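Here it is: the structure, laid out below.
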Amino acid sequence: MRDHAPATTPTIHTELLDRLRSTSPLVQSITNTVVTNFTANALLALGAAPAMVDIPGEAGMFAGLAGGVLINLGTPLAENRAAAVEAAAAAGRAGTPWVLDPVAAGVLPIRTALAAELVAAGPTVIRGNASEILAAAGAGGGGRGVDSTAGPEAALDAARGLAVRTGGVVAVSGPTDLVTDGSTVVRVANGDRLLTRITGGGCALGAVMAAFLAVSEETTVFDATVTAVACYTIAAELAAEQAAGPGSFAVAFLDRLGDLTADQVRQRVVLA
Amino acid sequence: MRDHAPATTPTIHTELLDRLRSTSPLVQSITNTVVTNFTANALLALGAAPAMVDIPGEAGMFAGLAGGVLINLGTPLAENRAAAVEAAAAAGRAGTPWVLDPVAAGVLPIRTALAAELVAAGPTVIRGNASEILAAAGAGGGGRGVDSTAGPEAALDAARGLAVRTGGVVAVSGPTDLVTDGSTVVRVANGDRLLTRITGGGCALGAVMAAFLAVSEETTVFDATVTAVACYTIAAELAAEQAAGPGSFAVAFLDRLGDLTADQVRQRVVLA
Amino acid sequence: MRDHAPATTPTIHTELLDRLRSTSPLVQSITNTVVTNFTANALLALGAAPAMVDIPGEAGMFAGLAGGVLINLGTPLAENRAAAVEAAAAAGRAGTPWVLDPVAAGVLPIRTALAAELVAAGPTVIRGNASEILAAAGAGGGGRGVDSTAGPEAALDAARGLAVRTGGVVAVSGPTDLVTDGSTVVRVANGDRLLTRITGGGCALGAVMAAFLAVSEETTVFDATVTAVACYTIAAELAAEQAAGPGSFAVAFLDRLGDLTADQVRQRVVLA
């Protein structure tokens, strides 16, 4: 029996997928220039309405209107950094759920400092690979930027501590994804290695989490986050079955995000 | 009989498609980071030569060399805003046709002010969804950013007034696209809903309009704009027939922009 | 017999392809917003680890960690320009190989000045179309930006002079690519016209060169560059065989970068 296995069987709330499609929540993304197109397309395919509002003077105001916000630190120009701080504060004031993706924190100084500031602002969810979560938790860096050199289990204690500190949820991406609210830990063992062979495979997940949070209503942040991870990684599995390489995988992945059904999710999800 | 139906049957100038391919006009795009790749690929597929010259000190100079210019306000960093103003002024001086896409004007303050300034500079064509055109016309905002909450017909009067004011053409995108020069109104009833499920479906159309304007010669701006809308939306229809979702639609759309024929356009166009 | 034919048959070092996949070198790309997604995906497909670290305060530090660096001047915001200068200096100090792609140098003033400054810093490889290489060599501009109006042979003398001046290698892209270290000249006659119908067809090659340089070890810069060109353009040939247009070509190209074999390269390479 696993050490940190949840006391009760975690529930996948597939009704969130249907609600996301019927209500099309606005998801603000302050993200990096590498993945902004893929992120917007993943949100659109899933049924959400992406809005890349990432300049100061607009980002804060929009965070009050949006259903969810992603702040990703991939290529943080000075204006994007100011927009991130502004949006985090406004999301906090408005009660808009927001996801922090501290890309390459722990390796590069400017985003490491910004990640610390944003962690202190209390993100609803923090998503990263093991190295990034270790860095966000102040538990030392390492890693090679977007490329984690450690597996998710190595970041489990840091993730739990970070969740307790922020009062939010922390998700560590890897071959098996790990989600914790500080006490409960769920592992989602879906996905496909091809997700690591396209850029944005992790970054777009942060935006998809924000979309699920935007329609979570009475569902807990923890369950909505686990559901987002399951839907996303199962769409990836379905896409991988049709792919001849990373190029066709990315295309099929958007198609499968577009027609993913609650039944597919229930049948394929592997939790631990 | 429709109120604003054109007095004469509008003409689709399919010879512009051939001329575009044989002369490969330079199309400068000052556009947002979400769609810049898709926009450049749409222009290349069609046969134009994209050039994303979007910084001050270069944008104005290049607007004098380009065949057409697109200014899209999607993610307007301070340098991009300065470049937009510089390019609009230079295009005006040089007689280069230019298209304004006032993304999310009316919702977000910085771009709303910039859109007003650029409208005053007299764009050759203004393209947007109904909410954006209403905002650009000063007729109140609304909308959810890139996501119009009103249909094109709701923006008809605003579009006509805006066209009269600028002396240009205004195009309102939607299930049926509406193009007006202030007196004549043409509706293009082609396209596919999948165009709204990929990012850049509207933004790239603005660039394609600039490409058609670049080769318009004796054709009026109005007819060249209608022709651009027809070619673009018909390529989308052809692509949708092959698509299994938004991912494969985007790929097929570029392929169909690449081999679209004048015959296909003439056979499929639905004008009103 | 060709004037500048190499004295000895040039060698394609296909072992670099295998080493690239087994070691997954970090490739830092300071590149333009149009192609950043495609560039990262090309690197990932090939087996490298892309890192788009492009702001001052981080770019220099990372250039010391990376296996190779690309500096591409496509859409140079002020921060990106500062990052480029910082990264070039740091790469020089650390001995990290770096590739300069002087996009549209000779046409646009800001990047032309920056290109001159970076050429003086001694890039390991300079890659561009004929117009860009002529401009980087100070041999007059012309061209239409990304779109060369001259063929590679017209830039041969400029390329040789530039290679002598920098002590590096210069690669001129075109229907037949030309690579020179100032004395030897090799022509690679692989590739497909579809590479010019997608954006990033040239830009991503610069990043792929940086990836091959990162694993070159005892192989010369010249041979590693020729090998990069051969692998890249042969993947394009294989992709073109399956493509129905530029959209499907880009997808297939990433797939073929993903499964390209040393045998395919040896069988198809056409050198002169």
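Chains here go by letter, A, B and C, matching the order in which they are written, and residues are numbered from 1 within each.
Heads up, the rule we're going with is that contacts are C-beta pairs under 8 Å (C-beta built on N, C-alpha and C of every residue); 3 or more make two chains touch, one makes a residue touch a chain.
Each chain and its UniProt protein: A, B, C = Hydroxyethylthiazole kinase.
Since we're looking at a predicted model, the values are computed, not measured.
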> Which of line, ring, star, complete or other matches the graph of chains that touch?
Replying inline: complete
>> I'd like the angle of the rotation relating chain A and chain B after CA superposition, in degrees, nearest 5.
In response: 120
>> Same or different interface residues for chain A and chain C, judged by whether over half of the residue numbers are used by both?
In response: different
>> I'd like the Å distance between the centres of chain A and chain C, where a centre is the mean of that chain's Cα atoms.
In response: 33
> Which parts of chain A, given as residue numbers and ranges, touch two or more other chains?
Replying inline: 33, 36-37, 77, 250-251
> If you look only at chain A, which of its residues touch chain B in the complex?
Replying inline: 24, 26, 33, 36-37, 40-41, 44-45, 49-55, 57-58, 61-62, 65, 77, 79, 250-259
> How about chain A: which of its residues touch chain C in the complex?
Replying inline: 32-38, 74-78, 104, 107-111, 144-147, 196-200, 243-248, 250-251
